[in-house]
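There are two complexes below, and they share subunit A, which is joined by subunit B in the first and by subunit C in the second.
On to the complex of A and B.
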């Protein structure tokens, strides 16, 4: 029995991927394809956040700024210069380079201080980028934002759906490789015990800066993908809500697992879709995020492993009878 | 550039600085004493503004509005400290994450109770209008905010330096364990300081409402960002530092808003980055 259940769980992702790949053949409703594409993109966004929070134990409240940089880079290049394939690559490159520079500067400034400073400073920097996007009207068109064209190849929703699916799978594999690399091991050591890692001779700050740059770059790519989904960008990509999305998805899904981000993204985007449609029944559903806020507080305080981690622990417990309250793989 | 403009910018800057001070001093004191960086502090500020406007609209008395907002803030502070913050003392990451979640819930609750649209806030008639002093127009309500701010600054300093409670709080900032070992119930002190900070944040909110004329749920986060900049510049745990940095940030904001409006937040950020590079513990910060 146990063998069977282990194999079932190993097979589960493959089955899900096959179902998702077959989905457009069964139902090609535009809105569902867009919703699923958004879930794939936010899953990668949440995974990039998980690198910081779940694997290194760094709290950033400004992850939206990298997302926004990526989204605006695509929007501005496509709108001002042209919508060819080459320009798309150029735009992604610009977003990635800018995100790397910004995350490097912010990291160098604050990662050597207490964890509070990074949280506060990233929050303030994200605020600065929101103001920049609002005020630099000649390029960003202010609060209202602007629509922009994308290359013909991605204009087909089904093509873009597959592209987003491959994007998610690719980045899941890449980031898993990253976390299992020697570098990733050092990051987890920092999460577990920073002083000890430092005393073993690792330059803790360097590793923290590296992971914040990696997370920033991946987030910028997600922002670019998001811009391509909507073919529209406005200041909301820089808003606190974007950071909160990453935070809720990562924590509720389960930190330190990567696939927790996928679960969280699916849960929150689907709930968003479902609950806002319930707003006609009772206006409280317009404020659906409040339920997730409460759930989030509960998870952080009581179930720090989130959905994925609690499930993993539950499986392990069946084998070795570890008490369910045990918190491994959690930075707090 | 004439005198009229300069005086007005000074008054504006000081008034904004005082409002930021009300938020930042609580934040800084809570951090200094309890080692908790409260990301929901801005939520208390916004709640103060909404509760104040609600009381003012339903009773017509500004005094009642201020009292109601402060009491409401203290009550929310009590609940937060008792059931959310206390179970997770000493765990930085968890505190940061939970208090941000509380911020989210607080600002969403505002929308549940008062709707998602911004509300208008009126200046009470006896504080409305302005005085003219030799060609310079002084707006009454802004002077009122400055006076209240100065009174509170003096009040807090007196509380901290002249009373038994203040002595214990200052000692607690320096060495919690020692205070505890000497037989003081540090948990009760924590609770009192947290409620005090929450009350001041709510007071800042209710005073801001007629000043800006309109309140909205995101204003909590906006002011919280300024307050964070202030505590980093002034130094965590120092009320004096918060006061100096608040005035600095308020004034630079007012002058920049007049001359180069797009850069006002950027200048404050630059100031913060400079302080972080030169003296990461802040102007008045204790060495940690």
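On to the complex of A and C.
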């Protein structure tokens, strides 16, 4: 009996992926395909945030900056230079390199200090990039942003949907490999006990800078993908809301799990969608931050380790058959 | 005899109060040396200076003929100095096995690998299990470290130190908190290391009788100062030590 249920759970992701792959054949509504593509992209964005928060214990208040760098790199190159496939690759490369440089600089400057310095400096840098995007009007067209073309190949919503799905699966596998690698194990040790990690012979700052760069680069790629989804970019990609989305998705999904990001992204994006449509019924629903706050409180109360984290714990209890009554991992 | 560790006039001030003051110490290679002293004598602080957790206000530390006074803790560890902590200091939400495996990985010099062969990982784990067995903790390999009892955490601490394979082991009261029945087994582990003959052990102990027969030499610390140093026999018979340390305080403390 237990065998069967374990087997089913192992099968679950495969079934979900097959359903998602088959989805465009059942329903090719443009808006749903776009929504799902966005979920896939935000799932990876949340995973990149999870590398910092869940695996290493680093808090960033400006993760949106890397997302925005990726999105603007695509937008500017496509609009100003050309929308060929080669240019797309160049744009992604520019985004990645810029994100790597910025995350490296921020990391080197603050990661040897107490943790709040990183949080504050990322926030400051994100603010700097917002101002840059607002004021450098000749390139960015200011606050309103601008639409841009993308290569014909990706213009088809179904094609792009599959591309985004593969992007998510690929990055999930890559990042999972990363977190299970010798380096990834050290990150988790740093989260648990930084000083002890150092006294085992690991130079903590190097690891923090590496994970900061990896998370920044992945976030920039997500930003690029997001730009390709909307074919439009404005300063909102740099905003605190974007960082908050990543934070909420990670925590609601379950930190330190990676796939929690998928659950969190789906929930938050669907909630966004629902609230936008409800806004026609009553304007209160435009204040989505209130509802996200409520959702957050609800999830944290019911699933203190996030949805994926609580699920994982539940599975483990089942496996080792510890009665659920004795839950010392849970605050209550 | 050649010495592996030498300190000169080592001093640290905590706002006017010198917790360690003018300690000049020499530890010969492959020796088992104990540091004893009453509560608050500065033993742990001395270890913190040796392993780099604290910077001295004055004085120098030589390890294997190199001045390491300003070297960071991880680099000292890589040079072959490992320590255990008096206050348990493990990775609470990782498994017992993973706690030790991280130490094995570090001593194998595997630091920045993004990808590693599964066989290598298995090898690390097997080695980690070996160290867990040596402290009788292999039954708990899959528990989270935070779920261990206090004595078990102390044993985990020792396993992590052994897994680093240091040339110089700094042990801060390794038997404190371990149940009376298990203490001999832990001392056996230390004796085993001593008999292999290729390691140097510097051990802090509160209760002198515990380590007298293991120690080649004993150093007494009192009020941050080096009071006496010599063979266990000399220390036992030293009048200064008896009056300052064994006299009143020792009986209260044990």
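Definition applied: the second predicted complex is superposed on the first by the 310 of 332 C-alpha atoms of A that agree within 3 Å, B and C clash if a C-alpha of one lies under 4 Å from a C-alpha of the other, contacts with A are read in each partner's own complex, and residues count from 1 in each chain.
As a working rule, a residue touches a chain if its C-beta (ideal position, glycine included) is under 8 Å from a C-beta of that chain, and two chains touch if they have at least 3 such contacts.
This one's a predicted model, so the numbers in the text were calculated from it and none came from an experiment.
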Record, for the superposition on subunit A, whether partners subunit B and subunit C clash or fit.
fit
So, A:181: does it touch subunit B (first), subunit C (second), both, or neither?
second
Check whether A:57 is in contact with subunit B, with subunit C, with both or with neither, and answer first, second, both or neither.
first
Is A:294 in contact with subunit B, with subunit C, with both, or with neither (first, second, both, neither)?
first
First, second, both or neither for A:246, with subunit B first and subunit C second:
neither
Here the angle between the directions from the C-alpha centre of subunit A to those of subunit B and subunit C, rounded in steps of 10 degrees, is 80
Touching partner for A:39 - first (subunit B), second (subunit C), both, neither:
neither
Would you sort A:192 into first (subunit B), second (subunit C), both or neither based on which partner it touches?
second
Could you say whether A:113 touches subunit B, subunit C, both of them, or neither, answering first, second, both or neither?
first
Between subunit B and subunit C, more residues of subunit A are touched by B
Could you grab the smallest C-alpha gap between subunit B and subunit C in the overlay, to the nearest Å?
12
Subunit A residues where the subunit B and subunit C footprints coincide none
Subunit A residues within the subunit B interface of the complex:
57, 59, 61, 109-110, 113-117, 119-121, 123-125, 127-128, 131, 135-136, 240, 244, 247, 251, 284, 286-287, 289-290, 293-294, 296-297, 300-301, 304, 331-332
Can you check the complex and tell me which residues of subunit B touch subunit A?
31, 37, 39, 84, 87-88, 91-94, 96-98, 100-102, 104-105, 108-109, 111-112, 116, 218, 221-222, 225, 228-229, 232, 262, 265-266, 269, 272-273, 276-277, 280, 288
Report the residues of subunit C in contact with subunit A in the complex, numbered from low to high.
51, 53, 72-75, 77-78, 83, 85, 89-94, 98, 101-103, 105-107, 110-116, 121, 147, 160, 164
Show which residues of subunit A lie in contact with subunit C when the two form their complex.
177-178, 181-183, 185-186, 188-189, 192-193, 195-204, 206, 210, 328
